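Chain nomenclature is as follows: A, B, C, D, E and F, assigned in order of appearance, with residue numbering initiated at 1 for each chain independently.
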Amino acid sequence: MTQTDTQPQEKQFPVLEGAENITIDNLTARVKKLDEEGYRLLTATCLDRGEKYEIYYHFDKDLTMLHLRLLVNKEEEVPSLSLIYLCAFLIENEMKELFGVKFSGLFVNYGGRLFLGEDSDITPMLKCVDC
Amino acid sequence: MSTRTVIPMGPQHPVFPEPLQLKLSLKDEKIVDVAPALGYVHRGIEKAAEKNDFTQNVFLVERICGICSFIHAVCYCMAIEDIMKIELPPRANYLRVIWGELHRLHSHMLWLGLLADSFGFESLFMKFWEIRERILDILEKTTGARVIISACAIGGVRRDISDEHLQEILTVIDKCEKELNGIIPVVMSDTTVKRRTVGVGVIEKEKAIHLGIVGPVLRASGIAQDARMTGYGAYKYLDFKPVVEESGDCYARAVVRAKETYQSIGLLRKAINQLPSGDILTKYKGNPGKAAAVSRVEQPRGELIYYVEGNGTKNLERVRVRTPTFSNVPALSKMLPGMELADAPVIVLSIDPCISCTER
Amino acid sequence: MKSGILGLLIVMPFIIGILCFFLRNDLVRRFLVIGNALALIGASIALAMSGNGSFTPPHEGINWGQLIAIGDFFLLAVFIYLGIVRKSPLIIGLAALQTAGLIWLEFFAGIHGETSPALYGDYLSTIMVLIISIVGSITTLYALPYMQEHEHHIHIPVSKQPRFFMYLTLFLGAMNGLVLSNNMMWMYFFWEVTTLCCVMLIRHNGDEEAVNNSYRALWMNLIGGVAIMGGLVLLHIQHRPMAFQELIAGGRYEGFLLLPIALLCIGGFTKAAQMPFQGWLLGAMVAPTPVSALLHSSTMVKAGVYLILRLAPAFENTFVTKMVGIIGAFTFVAAAMLAINQSNAKKVLAYSTISNLGLIVSCAGINTPLAISAAILLIIFHAISKAMLFMAVGVVEHNIESRDIERMEGLLSVMPFTVFIMVIGILSMILPPFGAVISKWVSLEATAKMPVEMFLLVMGSAFTVLFWTKWIGRLLETTPGKPTPKMEKLPFFYVLSFVFLAVTVLVLSVMAGPLAGKVVAPAVMQYYPAAGIGQAQMNLINDAGSFPVLSIFTVILLAVIIPVLYLRMKECPGSSVYMCGENIASSTGTAFRTLKDSSSEMQLSGYYFDHFFSENRHIPWMNPVAVILIIVLIGGLCF
Amino acid sequence: MFLNSGNTVLIVFMAVFVAPLIGGLLMGIDRILSARLQGRIGPPILQPFYDMMKLMSKKPISGTKIQIICVFVYLVSMILSLVLLMTGQDLLVMVLVLAMGSIFFILGGFSVKSPYSNIGAQREILQVLAYEPLIIFYVVAIYLKTGSFMTFKVFELKDPLLYSMPLFVVALIIIMVIKLRKSPFDLSTSHHAHQELVKGITTELSGRHLAVIELVHMYEMALLMVLAMLLFATNLWIGLALGLFCLFATIVIDNITARLTWSDMLRFAWKIGVPITALNLAVIYYFSIIKK
Amino acid sequence: MSSFDTSNIKSPWILHYDTGSCNGCDIEVLACLTPLYDVERFGILNVGNPRHADILVITGAANKRSARVLRNLYEQMPDPKMVVAVGICAVSGGVLHNCYNVLGGVDKVIPVDVYVPGCAARPEAIIDGIVLALQKIPEKRKLLKSREAKTA
Amino acid sequence: MANFLGAVIENLFKKPATRPYPFTKREPFKDARGLIKFDGDKCVYCGACSKKCPAAAIRVERAEKALYFEPFKCVTCGFCVEVCPKDAINQEFEYRKPDYSKSIEKYGPSAVPAPAKTEAPPSQA
């Protein structure tokens, strides 16, 4: 479509301003800390970055937002936050269903059938290569 | 053999205007277990928003939810404006607040009516909806449509409100206030209504954050959280405080919303009085660049969050919508068990469920 | 002639029972039981035809009084033995107390059962004999195939049937003796025989629960025995006749003189399982079903209400009658309330029996001619309906291996005939124009001037409707679109007893007018100035109202037949039920789709109102209240 | 007896054919009045008849055969109790026949394995439980005044019953609220969209089978009117006005209350309804029995 | 027209189901019941139960899950039954035409009798639509009868 | 309870709030966003409207000089009116009436009388 298509993938994507980078290993610890500090989990946003998923976790405390940015390979399992914040189970189930992100320790597992029926295509939100 | 009753409630059920299924396990009529099933309204709007031209998306995101359509559009436009660094004319900010508050007003009245309907108080439902029609009329007069007003555009608003119409808004909200004065006390103090709402579906303050609830539900649990306090649009110029209740039950939620209708009326008066003159739309050129923005606004149901990422083309890389009901649904599984079957409609409606928002 | 009939009714069952025990052959036993049943039915009808009158057995060298006394001592010895085996001082004590009373009466007071006539068959006794002999015999017939199946189900190596049928037939003989006795010492003897039979039958299965429950039944009934013995001793001390007819004819008594009668009534309460003595009857359901059918319908509990009803003319318009009325009404409400929380079919039936007996006792306590008529009608209809219900539950239990009402969900499509019988049985308990409701109507009209009893009766009736309706609801539940079920195969005696009882209850209900006018009214008029009840054409009438039995029957019959014919002509298309749009076509027809697109089976269950009606919540106050009521009954007479 | 008197045929004819027409009209008025109380215009007065005709013409999708039989028995016992009442028969028998109808209706609800029908049936039993004592007390009060359970005796009284049983007007209103399934006690089924149980006990009925239920409602309405009229039997027009007043009160209550739960209904009926009637009953009892 | 036809026209009971709309049309359908529009004037009741309903009012663009529900509901309605698609989503999918989980129009699932356009459809338009549907009822009844006569 | 008693009794004696809709029709509000009309003569068939229509209800055949409009896809947002360079699109105040079938309108230069209902299937844009 545009000339950027030819450039290497990694550098192409913008990063949300002020986002704090995080890895799978320290995700749970960081979120636990945020929970202790009284942050609310707003939501998580998943983006399809070709080889990887980019997941933003959005937190809020006293109207100030805090974003955690997690880059993870598509095969890797992401630890679920649903044991820290119960509400995360719905967000994670949605990501699992629409993007195919794998989660470990999901509190309630809809098995990829939260929104979509059994006869629907799976992971419809992934960027499709052909179109 | 268990002496349990396992039944579906929904997707088609007269009390739910929208399809949602609760698989209820009952003992006698006491709910022992509940499993919400979604997916009857999932359309895939987030994906469609990637396929569309970013200007078309204004009309698409409005149709995520028909009750707070304008506020969806505002939130989306705010994100795009953030990416494209568009400064809004002051009048546009005020107009957004006016329409936004009109939406909140009609949405809250709609909800109060539906709540009344959920415990079978038909005439109260009728009364709220009768008053609500006045707001819809004024919306239609000012924007050309009753429900999905399509008044927001990137860089401002599409239509101006004439002084004549501003005066009419003032008279209409005066009239509404007067009529509400007659029936809000019914919600707040009627014996039968209180019998059905007090102590029903309680969420304590301590649990509230982990259940992720937002909006009036959160405020009813004693946490003063209102995204309007971030001061987007013209809210920074309108001095107000979030409405908070402590008891965290259906009654508190009703009271929060009832008080918020008055708050909206007050905000509308202030906004109309302070309304500056001038342009309503900032012209912009080009497409959103490679940047991401998060915007959040307060819907009638709670805070709405958009994550928008552009990629330099007229299409967007990603539009992520986090709607308030999506955050409130998990709390249902904690509110319902232990309650009566008769309370189920009241509790479900007390979060003001907008399934079309939730599933997009 | 008369002695022959009475011999058949009282002595023959004893002989056949003993034969059953010793001739351990299935075919012989079968022959004996059938013969016994036929003879009993024939004899009872003959008795009814011969009219009422007194009878003293010929001496012919036998001193019947001594024989009875020996029997008494033997029975008490057995009870003491059982108490020693159980190491229960309570049982030993109660039995010893009675022994002491008996010794005093026999050896020191010097009565030797010379009261004459020893037997007296009035209308009330005849009605009781008819019920015992007919319904009881039908139950023994039902027991024939039932016990075969039962032993097959519980896998026991050596058949205990000989013992079982011995007690079963003994029971009938004893009951006949009990209701025909005029001599109270004789009555006491038969009373204790029924206690023994009952205890032995309850422990028939021999497991721990059965044995425990049998001991509970024993000590509770021994309390009744003590009360009766106390009453007899007191009567003797007060120099009053120890014969029913003379006691009743003796005119009104006041204060302390009423005490023996009150004690006899308390004896009646224990047998009739009135609160707080309901425990033994609830425990009795561990016994094989024919035992329950027998205990609850025609024997045992009916002995209790019979005794009270027999004495009713003697305490008319006294303090005793007020208290008996209230105790009965209290039991009626309390038991009906407790039945709501039960899902065990036999327990529901047991509570319903207690409740109905309460109503009968209450009617006896109201003690107007109309109320007594209601009580007699209730005894008749309750016996038939209850026998039917227990038998049906027994058959169902063998088929689905459970007595849980929840497990009977949709049973109509599996066992249509049995369920049909069960539904008739239940409907006959709660719906006009069936007899039980006619009796309830009579009792309501009788209580209209007694506010407390009336209030309790109305409440109790409402609860009764609740638990019965819930039960039929579970039975009838069907999935639309299923083919009409075929009748199940049942042994001949099952079908015979079902059909016989169902037809009887229907016919008697239709004939309620004549039944009341020709059978019940004379029984009442014997001791009261008026019958209180009568008949006009086929209708039942009393001073306050009339029950157009036949017209209601006709209309309701048409209301059932017409749609049945209409449905036969027009096959209705079956379809799935409404399940909020998520119904799926499955083999059960009642599955719905739910989260993850999986299918989930819909489950329905009855309501049990744990919060409102549970035993745990109510027994703790009900029993003390009942005890207090009884204490008030005694205390009010002493002071 | 009373049955043999000359105008019995006429009365039976009235009970069977005219009563539903009056009941239907009253239902129409009920709906218009409800609409007006809500600030709406409401349907035409003949709407209940249109509804019934339409249902008659529709092809039923039946639940189960037993349910259909039960529905017919419900209809017949309702007519029968009305006939019994209007021909001056025993009131207690009338109440029992009425209860029989309700029980069959409930059994119909139970007989189909459908969630809402079943729960509706469970609740209907509780409704019967709530109003049955009140009706029986009503009947007993009449008995205490007239000395007979026969209805026609009421017409032989010199003073209308209302003077001695004023509190029973309250009882009648409670009975009407529950029987006509009005808020706050429209628990088992409701004519308007029902928020908990869809259509409760009638969920699985359709077409002409549902029309039968509508017909029963018409008879029911007439029956309740006649029951109310007994309170003022000396002048039936005033009696009718009394009945209409009760109906009006019922409709107003319907429109100013939220639906309560079944436990609230039982509590209300037994803790308020029963004591009120019991009080009135006690007064009558004192004057008619003890004083004499 | 027979009196049955008349009664059919005078007493349409509606069942509303949302197959995935944005709520806009749902609330307008509800608004029809409220005092300002008061469709009970025409005998219209919102019954909420397919077995009692005559007219199925559908809003929303139908996704795969709700299509299944819709079919079930349609089957459970007794004949003669009418279907009114309210709002552009229910008519053709409208703005949701390129969403992956949208079938685009209710007529892809069940036969639709009347299409009511509008986004959101106005209460007036919904009333018009129901009136249009009612006009078709005598015809439907006739068709039904002839079909029954054929099968008999 | 008393709170609402007044309100309902007041309603009873007040004129009902109901608008007698089909019998008397309200004038549509000025600037109400109703149905869309095209002017086949003013139109230059540039396709701007077609590109911007969020519901894909407009198809412009440039070569053919024809504009196919599917009113039963139109969400009456009025975006086409805004983007039309020639003011050839007009939004009326009246709402579109319901119909038994979904019609398609074809517009072209006035040689073809417009609007004409055609049954031509729209291409899947």
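We take it that contacts are C-beta pairs under 8 Å (C-beta built on N, C-alpha and C of every residue); 3 or more make two chains touch, one makes a residue touch a chain.
As the structure is a computational prediction, the values presented were derived from the model and not from experiment.
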So if I look at the partners of subunit C and the partners of subunit D, which chains show up in both lists? B, E
From subunit A, count the fewest steps through touching chains until subunit C is reached. 1
Touching both subunit A and subunit D (chains): B, C, E
If I rank B-C and C-E by number of C-beta contact pairs, which comes first? B-C
By Cα centroid distance, the chain farthest from subunit E is C
If you average the Cα atoms of each chain, whose average lands nearest the overall Cα average? D
Just how far, in Å, is the C-alpha centre of subunit E from the one of subunit A? 40
Distance between the centres, which are taken as Cα means, of subunit E and subunit D, whole angstrom: 35
Between subunit E and subunit F, what is the gap in Å from one C-alpha centre to the other? 21
Please report how many Å separate the Cα centroid of subunit B from that of subunit F, as a whole number. 28
Contacts with two or more other chains occur in subunit E at residues 17, 34-36, 38, 41, 46-51, 63, 65, 68-69, 73, 76, 94-95, 98, 100-101, 119, 122
Which subunit D residues sit where two or more other chains touch them? 35, 37-42, 60-61, 115-116, 118, 122, 192-194, 198, 203-204, 255-257, 263
So which bits of subunit B are touching at least two other chains? 5, 7-8, 11-14, 29, 39, 42, 44, 47, 52, 59-60, 63, 123-124, 126-127, 130, 145, 148, 190, 192
Touch relationships between chains, expressed as pairs: A-B, A-C, A-E, B-C, B-D, B-E, B-F, C-D, C-E, D-E, D-F, E-F
Contact set on subunit A toward subunit B in their complex: 1-2, 4, 12-17, 35, 38, 40-43, 45-47, 56, 58, 63, 65, 67, 84-91, 98, 113-117, 124-125
Give the list of subunit E residues in touch with subunit A in this complex. 63-65, 68, 100-101
Where on subunit D does subunit E make contact in their complex? 31, 35, 38-44, 47, 49-54, 56-61, 191-194, 198-199, 202-207, 210
So in the complex, which bits of subunit E are touching subunit B? 15-28, 30-31, 34-36, 46-50, 60-61, 63, 65-66, 69, 73, 89, 94-96, 98-102, 119-120, 122
Can you list the residues on subunit C that touch subunit B in the complex? 343, 402, 404, 406-407, 579-582, 592, 594-596, 600-611
